[in-house]
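Several structures are given next for inspection.
The two complexes that follow have chain A in common; it is paired with chain B in the first and with chain C in the second.
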Partner chain A sequence: MTAPLLSVSDLRTSFFTSRGEVQAVRGVSFELRPGEILGIVGESGSGKSITCMSLLGLLKSNGRVIGGSALFEGQDLLTLDDRDLRRLRGDEIGMIFQDPMTSLNPTLTVGEQVIETILRHRRISRAAARQRAIELFELVRIPSAAKRLRSYPHEFSGGMRQRVMIAIALSCDPKLLIADEPTTALDVTIQRQVLALLKELQSRLGMAVILITHDLGVIAETADRVLVMYGGMVMEEAPVRRIFARPSHPYTRGLLASIPDLRDGAHQRLTPIPGSPPDMRHPPAGCPFAPRCTHAMAQCANVLPPVYDVEPGHGSRCWLHHPEAPRVEGVNDRELA
Partner chain B sequence: MSDTPLIELRNLVKHFTLSNGLFGRNKVVLKAVDGVDLLIRRGETLGLVGESGCGKSTLARTLIRLFQPTSGQMLFDGVDIAEMGEHALAPYRRRMQMIFQDPYASLNGRMTVRALIAEPLEIAGIGDEASRRVRVDQLLDTVGLNPDHATRFPHEFSGGQRQRIGIARAIALNPDLVICDEPISALDVSIQAQVVNMLEDLQAELGLTYLFITHDLSMVRHISNRIGVMYLGKIVEIAPNDALYKAPAHPYTQALLASIPVADPEARRDSAPMRGEVPTPIDIPSGCRFRTRCPFATDLCASVEPPLRELDGGHFAACHYAEKVMGRQMEAA
Partner chain C sequence: MTGYVMQRLVLMLVTLLAIITLTFFLMHAVPGGPFVSDKMMAPEIQAAINAKYHLDDPVWLQYLNYLKGIASFDLGPSFKYAGMSVNEIIAEGLPTTLKVGVLALICVVSLGVPLGIVAALNRNRWPDTLVMVVATIGVAVPSYVIATVALYLFALRLGWVPTFGLDDWRGYFLPVFALSGFWISFIARLARSSLLETLQQDYMITAKAKGLKPGQILFKHGLRNSLIPVVTVLGPVVANLITGSFVIEQIFALPGIGRHFVLSITNRDYTAIMGITIFYAAVLMVMIFIVDMLYLVLDPRIKYREAR
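Presenting the complex of A and B:
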């Protein structure tokens, strides 16, 4: 197996607010291989975005990484100083976010913003940078690329602005692209265009992608491997086909039961997950999902379950995978007792 | 139950005149709703889908007369309310209520939950304070909140709970029609199902009629009896929900359905995404408004606007080639 491009181990991040410490990320570990698309799915407050912001050194001023390591090609991102991180961001690691309008400077033409990014990281002439910008616009299929360089962000539609952001993110051939809800603000037909573009560029340029989303459909269509996050932790991790075919954590199963099945014409009542997510100022001592879990047992509220390997490459943080746990249909009934 | 549809829109138009240029001398017309015919039957859920800017929210806001329609008729229970004066309109306004997308923005943060839910009753002059108290307690119970929630303020609640408060306000006056404008878009996936199930229960209990506006094409199939698809201010297709999903007859509907990300990695598709983007409603293409993005467009489409015509039992589409388009879909399936 190839060496991981990124290896995150026991990442912990908290925000220190007037109302107390918010434990947003509570021991997240994962590996990312070169050229892989890793999907991170979770609901608001699950810690999925904060995990990536911690890696990039882009936390708000009241947020702090309080533990763990994140080795990117051997160097720990969490110990780099601001200057080195800034050099890495936009060069080795590209980023795109949900709202391309707030990520672009409204007073500069998009061309200037692309060229500026290239010049910051590459010792080439302005003319060469401009040529590269045109190539990038063509790569992300912005029509009349050379002409569109002179446009301002407000002259673009949402979908086209996201293409500009992708062009900027790819300007220095990153090895890793972090995409945080890149299509959430877009209409469904435009979302399809942007996801198709991202997948095509990923396989053409061979970069690894971390795709953060709340949309299980987007995950199913795009990711190779999936992390399901809840309460600041990874609850389940598996290859994408596996997570949809044999979801093994009650939370993942609950999420999948909450969305209507498009292929099934019959009007089946949805099965919501009862209750609401935990307050991360006072996270539960045990499994964060226990208060909402229909299978919760006595120890679930008090003792955090370890990650059990359901199969090689498929981990699930749930006591039901303990050899002595009662059998629950779908969750652990096919495991050996 | 009478045969009169609860709502009938006849060639409804809502245009906005915008000024631009120096001193605002250039006037342009934004055709948000550009000739819509629509029936909503009693007790049904009509889903209305379309991408941003298609006019679905303007249609809803015009229907409850937040906007004055530019032209056309809006029959509510057989009575045209399009031009009706404020005084005469009041009883009809009571019978149409709205649930909004953002439960954070649509509730006054300085009012207690009790005051928020009692407000529509007070405005309508229903009951005295004591009877309103009873009614609010009853409404809280209906939407699954506790009586002791009544003294709290909106910020103390989660998004899903706030949406329940919004729903309690909307049903307080026993309306006939509830317009749900993206009611679950701002909620987490696990909470969406809670709210959708509750909306279904309320409909069965109170005999509500829903106009359900959304861009979520999976949820709209789940909740609706019929679905209308809007594009640039017009309904381009409307059909019973299964017919629409199994045999879409308008190329736009097909492209829209093909764009939905399906939560099944085995179902990944290789078909090319639809080209182009929605044109501006200030400059709507001649003939068929979808022709600039349509893979089937011919010269006819540029010159003649296709009418919304019935293909079979309750399935309407506005496309010159609807039969061909539908056949192609059936072949592929």
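Presenting the complex of A and C:
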């Protein structure tokens, strides 16, 4: 197995507000190998975006990383000084955001927004940077690339703007691309095009991708491996096939059950997970999902379960995987066999 | 675009005509007249004066005659200052008012905007608090209070500057300060809130994620977007500053046009009221037009098309 490109361990991030400390990320660990697509899935407030913003030092001013490490090619992103981190951002690590409507500066041409990124990180002439921008636009399939460089963001559709964002993120051949809900704000048909483009570019350029989404469909189509986050923690981690074939954490199972299945017929009701996510100002001492979990036991609310290896490469943070736990069909019924 | 500009110019003329008409008839609706004063005049003299200035003509005829004069840029003779035309009054006062006004404008832009930026970048820290406290005082305290206190302190007590007049270059300090104080504060507050809003925008995070340096992020991505509201306000501010201030000109005894603006009303100096109103209206409209044109430079999303 190759050495990991990024190795995050026990990342903790909090926001300090007038109403107290919000513990957004509470000890997240994961590894990312070169060329791998890691999907991070979870509902709003689960800490998935904050995890990535913490890595790049893009937290709002009241947010602070309070612990952990994130080794990117051997250097810890969390202790890097501002100057060195700025050199990495946009160069080795590219990032694209959820809303392409607001992520581009409305008063600069899209060409300029690509070119300035290249000029920031490469010692080349403006003309060469422009040439590179045209190539990038062609790469992300923006028609009549050279002409479109002079357009402003408002002259583009949402899908085209997200292509511009991708071009910016890829402008310096990053080793890692972080895509934070890249298709959430787009029409369904455009979503597919953008995802297909991302996947194609990933395999062509060989970069690693962290894909943050709340859409399991996106994960299924794109990711190699999946982290399921809840309450600022990783609940389950597994290769993408395993997550869909044998989800081991009750939360993951709940997420999968809540996806409407068209084969069930039109009148089938959706299966929601009852309850609401925990208040991260006062996170529960035990498993954050316990209050909503149908299998919760007495100790779940009080003691945080460790991550059990259900199988090599498949971890699940749930007491049900404890050898003495009661058997629950589909979760741990085969473990003792 | 050329069509749009032409349309705007025509519209400005129409607006001006409306202002002239409204002012003219409002003015004549107010009881009294330029020569109805405290001392009694012989009826013959009164009649002669009225005849000389066509004040005994029907109002509509006076109106038409006035418009005729305007068409040839003649604002007519002053009723109060014998032998002076309104054109001359404006020409005489304007240079002084302009000098003070332009200096004040320079202060407003070169102090107000940077102070707002410093405050925004240090949000909730001491530079922000300091700027905001001073700016709040600057907005709240009327200019004549600032002028009087400054006059007492710097001219009378410390003797650093003369108490009145502009013969000495130091004479400019206090009037410019008193005139610009309010607007510096106003612009500083506006620039601060506008920049703070811009800093919250998603594209600022994008700029950061691209690895740009803080200076690049602020000046290239932040400032331009946050200056749009500031420019909007600056148009009327310019008009306000270069048409002078009655209070400031009165306190510092400056021979500008600002005081004519007020004095002409108490004097019922019909032509002077009209002339100065038209002058102010024209300056204001030109400034607003310039602001609208500046939007094109600042914000590419704005495009003007002529109405059909």
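The working rule: the second predicted complex is superposed on the first by the 329 of 337 C-alpha atoms of A that agree within 3 Å, B and C clash if a C-alpha of one lies under 4 Å from a C-alpha of the other, contacts with A are read in each partner's own complex, and residues count from 1 in each chain.
By our rule, contacts are C-beta pairs under 8 Å (C-beta built on N, C-alpha and C of every residue); 3 or more make two chains touch, one makes a residue touch a chain.
Note that the coordinates shown come from a computational prediction; the quantities given were computed from them, not determined experimentally.
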item	value
Partner chain in contact with A:Tyr152 - chain B first, chain C second, else both or neither	second
First, second, both or neither for A:Arg86, with chain B first and chain C second	second
First, second, both or neither for A:Thr271, with chain B first and chain C second	first
Which superposed partner A:Pro106 touches (first chain B, second chain C, both, neither)	second
Chain B versus chain C as contact partner of A:Met95, first or second or both or neither	second
First, second, both or neither for A:Ser44, with chain B first and chain C second	first
Chain B versus chain C, judged by how many residues of chain A each one touches	B
Touching partner for A:Val240 - first (chain B), second (chain C), both, neither	first
Complex interface listing, chain A residues touching chain B	43-44, 157, 159-160, 187-193, 195-196, 214-221, 240-241, 244-245, 254-260, 262-263, 265, 267, 269-274, 276-277, 292
Contact footprint of chain C on chain A as seen in their complex	56, 58, 86-91, 94-95, 97, 99, 102-109, 116-117, 120-121, 152, 154, 165, 168
For the chain C and chain A complex, residues of the former touching the latter	201-203, 205-213, 216, 220-221, 224-225, 298-301
Footprint of chain A on chain B - complex, ascending	51-52, 158, 160-161, 188-194, 196-197, 200, 215, 217-219, 221-222, 242, 245-246, 255-256, 258-268, 272-274, 277-278
